[in-house]
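Contents: one structure, followed by commentary.
Chain nomenclature is as follows: A, B, C and D, assigned in order of appearance, with residue numbering initiated at 1 for each chain independently.
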Amino acid sequence: MERNRVYARPDEYTITDLLAVASAREVRDHEVVFAGTGLPMLAIMLAKQTNAVNCKLIYEAGTIDSQGASLPSSVGDPRCVQGCTVVSGLFDVFNQLQRGKIDLAFLGGAEIDQYGNVNTTVAGDYAHPTLRFPGSGGNPDINSLAKRTVYLMIQEKRRFKEQVDYITSPGWRFRQWPSGKWVGRREAYGTKFMGGPNAVITNMAVFRFDEESGRMYVDSIHPSITPEILQENCGFDLDFSRCRGETEPPTYEELDILYQVVDPEGIFLTKK
Amino acid sequence: MERNRVYARPDEYTITDLLAVASAREVRDHEVVFAGTGLPMLAIMLAKQTNAVNCKLIYEAGTIDSQGASLPSSVGDPRCVQGCTVVSGLFDVFNQLQRGKIDLAFLGGAEIDQYGNVNTTVAGDYAHPTLRFPGSGGNPDINSLAKRTVYLMIQEKRRFKEQVDYITSPGWRFRQWPSGKWVGRREAYGTKFMGGPNAVITNMAVFRFDEESGRMYVDSIHPSITPEILQENCGFDLDFSRCRGETEPPTYEELDILYQVVDPEGIFLTKK
Amino acid sequence: MEDKRCSLKEAVQLIDDGSMITFSGFTIWRRPMAAIYEMLRQGKKNLHLVEVNSGTHSELLIGAGAVANWESCWIGHELYGKTPYCLDRKIKTGEIIAEDYSHQHMLYRMQAGAMGIPYFPTWASRGTDILNPEYDMLGKAGLRDGRDPRIPRQKFAYSVDPFYGEGELIHVPAVKPDVCIVHAQQVGNNGTVRITGQTYSDEQAIKAAEKVIVLAEEIVPESYLRQEPDRNLVSDYLVDAIVEVPWGAHPTGVYGCYDVDGGFISEFSAASKKEDTLEAWLQEWVYGVESHEEYLDKLKLSRLTALRANSYHKYSTRTKRGMR
Amino acid sequence: MEDKRCSLKEAVQLIDDGSMITFSGFTIWRRPMAAIYEMLRQGKKNLHLVEVNSGTHSELLIGAGAVANWESCWIGHELYGKTPYCLDRKIKTGEIIAEDYSHQHMLYRMQAGAMGIPYFPTWASRGTDILNPEYDMLGKAGLRDGRDPRIPRQKFAYSVDPFYGEGELIHVPAVKPDVCIVHAQQVGNNGTVRITGQTYSDEQAIKAAEKVIVLAEEIVPESYLRQEPDRNLVSDYLVDAIVEVPWGAHPTGVYGCYDVDGGFISEFSAASKKEDTLEAWLQEWVYGVESHEEYLDKLKLSRLTALRANSYHKYSTRTKRGMR
């Protein structure tokens, strides 16, 4: 599809809009994509209308390539079934994931560290938590078996930590069990650890990972965010050396699709 | 159902009729029964009309409780699907078998020994066979995982052997692999070997097995067959000590059901 | 043939205290809520929940103090409440043991149970702290000594592939629930189950369980279900009790029948934040209610009517979901 | 989007000599026979067949000398020919290696391949000579040395249950076919597969294979298949090539389309008893025939019409099957 390249001004879009648009741009055409509830749905449904019209959209609860008219409020929603090629269940979808059929996944997390280790399980000590989160769900399964995983997160100092309280989903370096040693993903598991975090997109920036060190670096900073603000909202020292500059803002066309086609009811796009 | 107890004379039924009737009588009401192609189908469809109206009929290819009007020529036949509760595939059926949901199975065999070891794979040396049979199919799976298995066979000296050339499906004593030792079924596997041969029905007699020795014994002899004829057609010494006498012949009602309801086309009941 | 049809009370009476239980559905979809409420009214205790994933139904059971052990991968209310306040509170007071596995681990644990094998191999979730022996909570509580035959003696095992040299796999233990409670769109008068839309992990849960209780929007003739056997999930002989309970999954949603009642779940989630407000909520919606029929009347017809699914779309086109 | 539609010739050209191949169907049902004939016309060689169960289609490939290795549990023609003469002959001449597993073993081997794990645990078939190390034929032929990455280094492995103390299980190795050839009732114009009636072990075979070729009675719009997604087996992205081949499974039967042609299979079975009569049969029905269309004309319309399924019963009510 021809992309209209007229960019909206910061006061014309919300951070959620930018997150959805930046995420959509991670999708390549013809990819088989695994999406969780919320922002990932917006991102992929937008991508299907723009840069990845032939991508396949798989929901964890058991639907393949949904083409519903109405935005699902959850991956278990009947809205996921409408127009899909196959409706099945978790056994079909997770087996395909392990078989290596999933190219890209979008996931969320509560905490992350500089190696991309993500925590969605618990804040504080596991046995005596300060707060229990919903839990892993399929996060560590999808992160380890989809070829690329993109994390969508909120940028806060308490969430971007030197070390996470609990590794729900491993990044590029993590503690290996049962041994308990800190290891690199490849040395630990070779090709049967198929993916891991490929990018992290927050309300302030887009991050990627150094192939060698496995450390997170700043790829681009969102409009109206400065490196100083970004560093203030991160618990570890950020590497700006490879920053490409400002994140490409949403175009008017992308915003129109988001608000008129993807989420006209305002389920996730609530501030407009 | 009230059973009409008027017995037919030997010249009024074929050996296939008697086999079907004797087999049907092995089925208890409400049992979940696994049936292969041929005689087992006749037996269970007859049982459903007489002594086991509530039994469930499962075919290996993936149908649960068929109620077809037309006799299938094979377990993969579309006729198995008509009126069943669930049509699925092998994964459903074999998983239920391993889960312990199957009470009774009917199987066939080319050779059998005194411990009920059955061969459906090869005659002669495995690597250099005198004749290759179709192979195990699900025979050893069903024999080991259904709670009871009844074998339907042709009574010939070359088929009832001191020792079979190849143990496709183990009986009460067999060589255990990888050890290679001869062992009793229970000592070898305990409860996870759920079944094994419970009865063998041939064109001449009904055989059962001694719980202690695991040896086959004669339970009843078919009308017009003498112990001498039976022994002549068996490759090992038969135990007649527990013979209950003559096998109950078919009733006119059973024959009517077989020829008018079960196999009116004469697919398996060919001689009448 | 014995009649499997019974009342909701009778069906729930089949569940013993201390039972290991699993459910149909996915997060806030097709959960047997009417049975959950009735379990609380009957005062079930010391339950051991083992679920592929959890949700509002288990927050209720946990919050009301009916649960001793919980094994799953996720619990919450999706859009309608992110934090599992009840589980959070019971973990802090030590009233519950929570054992984490990943979603795929739980699915394969249930599949192993459904196919009668004691474990299942997988590549999923290597590198996660779920595998950390320090976080084996049933083990730390001394419950892996084999005294309870339903609890595996280890949380995980590992095995190296001898066939293709692909490395070390994780073995997850089978799940062996005493009871699976299902909510289905239709059940035959003798127990054949038809589920439409996503089947989630219902097939695994039903086939793994020793006893299966099926609530359904409607009981239909077996002869009707036998006309399209490709649309049925399991046959009658796997089902022990059936109950017709229209709207029986409310406030969770049912494909083709009704949507999630987000407002209702949000109110429960908010109430569950504190013991006293939760207690008041339970008094109003569970203990203070005699039957499912009384519950429906209390909800009011207009509320349920707005949730009813459009027969083409299979979801409600009338319920307000977003800000616009 | 690239077009996956192609001719039968083009589809079969995607198969390399020496490929490991599996098929849709069950014994003499829904086998991709048109592709089998075309494989012989194209002179495919050294194939390694790995099948949950086998039948007429493989007797043809084996008899014609296209097969080097065969792994399965059963081969024959059901009612229409008990003895697998071709396999029997090739084993005796040592031209083929036949590796026996049980039916459940083969199913779980394919399931393991379909879900991306190298092996699958099972209780099935303990005590059988299939487990006898003396009868590991690929091993005896020195083919388990890892040089062929598709051949497992052991025929079986064993593992003791550490979770529930249930004893020693059998581990069967995954199957990793290069190609799965499917015959379906319908395929979407982009590859979504709809199979009606029993699905046999087609889901396992398709998902285990690297390349999937689908022959179908008809190609239909994807939009049509998307109207009832619960009736579709796999989505388009798992399929590489599609060919519309009416009657493409003849002489095997297809649910809802046509019955098994028992007479035809019986004639082949009888002919396959000896090399020279088999050669003559192959000349007449395979090598001497240019295309599938020519094959159909040679069969004659009246013969096929008698086999055509009744649209209510899903099988033919006109074909004579028995003695009465």
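Everything that follows uses one rule, which is that a residue touches a chain if its C-beta (ideal position, glycine included) is under 8 Å from a C-beta of that chain, and two chains touch if they have at least 3 such contacts.
Because the structure is predicted, anything quoted here is derived from the model rather than measured.
Novice: Spell out the chains that contact subunit B while also contacting subunit C.
Specialist: A chain counts here if it touches both subunit B and subunit C, which gives D.
Novice: A-C versus A-D: which interface comes out with more C-beta contact pairs?
Specialist: Of A-C and A-D, it is A-C that has more C-beta pairs in contact.
Novice: With centres defined as the mean C-alpha position, give me the subunit A-subunit B separation in Å.
Specialist: Result: the chain centres lie 57 Å from each other.
Novice: With chain centres defined as C-alpha means, what is the inter-centre distance between subunit B and subunit D in Å?
Specialist: 28
Novice: I'd like the Å distance between the centres of subunit A and subunit D, where a centre is the mean of that chain's Cα atoms.
Specialist: Distance between chain centres: 41 Å.
Novice: Any chance you could list the residues of subunit B touching two or more other chains?
Specialist: Only 63, 81, 87, 98 qualify.
Novice: Which subunit C residues reach two or more other chains?
Specialist: 116-117, 122-123, 166, 197, 230
Novice: Have a look at which chains touch which and call the overall pattern line, ring, star, complete or other.
Specialist: Graph shape, chains as nodes and touching pairs as edges: none of the named types, so other.
Novice: Tell me, which pairs of chains are in touch?
Specialist: A-C, A-D, B-C, B-D, C-D
Novice: Which subunit A residues qualify as touching subunit C in the complex?
Specialist: 37-38, 60-63, 70, 73-82, 87-91, 94, 97-98, 121, 126-129, 131-141, 144-145, 166-170, 174-178, 180, 185, 188-190, 192-193, 263-268, 270
Novice: For the complex, which residues does subunit C have touching subunit A?
Specialist: 25-29, 52-53, 72-76, 78-79, 82-84, 87-88, 91-92, 98, 100, 102-105, 107, 111, 122-135, 137, 140, 156, 158, 166-167, 197-204, 253, 255-256, 259-260, 262, 309, 313-315, 317, 321-324
Novice: Of all residues in subunit D, which touch subunit C in the complex?
Specialist: Contact set of subunit D toward subunit C: 116-123, 146, 149, 152-154, 157, 159, 161-166, 169, 171, 173-174, 196-197, 230-231.
Novice: If you look only at subunit C, which of its residues touch subunit B in the complex?
Specialist: 1, 114-117, 188, 192, 207, 222, 225-226, 229-230, 232-238
Novice: Tell me, which parts of subunit B touch subunit C in their complex?
Specialist: It is residues 30, 32, 54, 56, 63-65, 67, 81, 83-87, 95-96, 98-101 of subunit B that touch subunit C.
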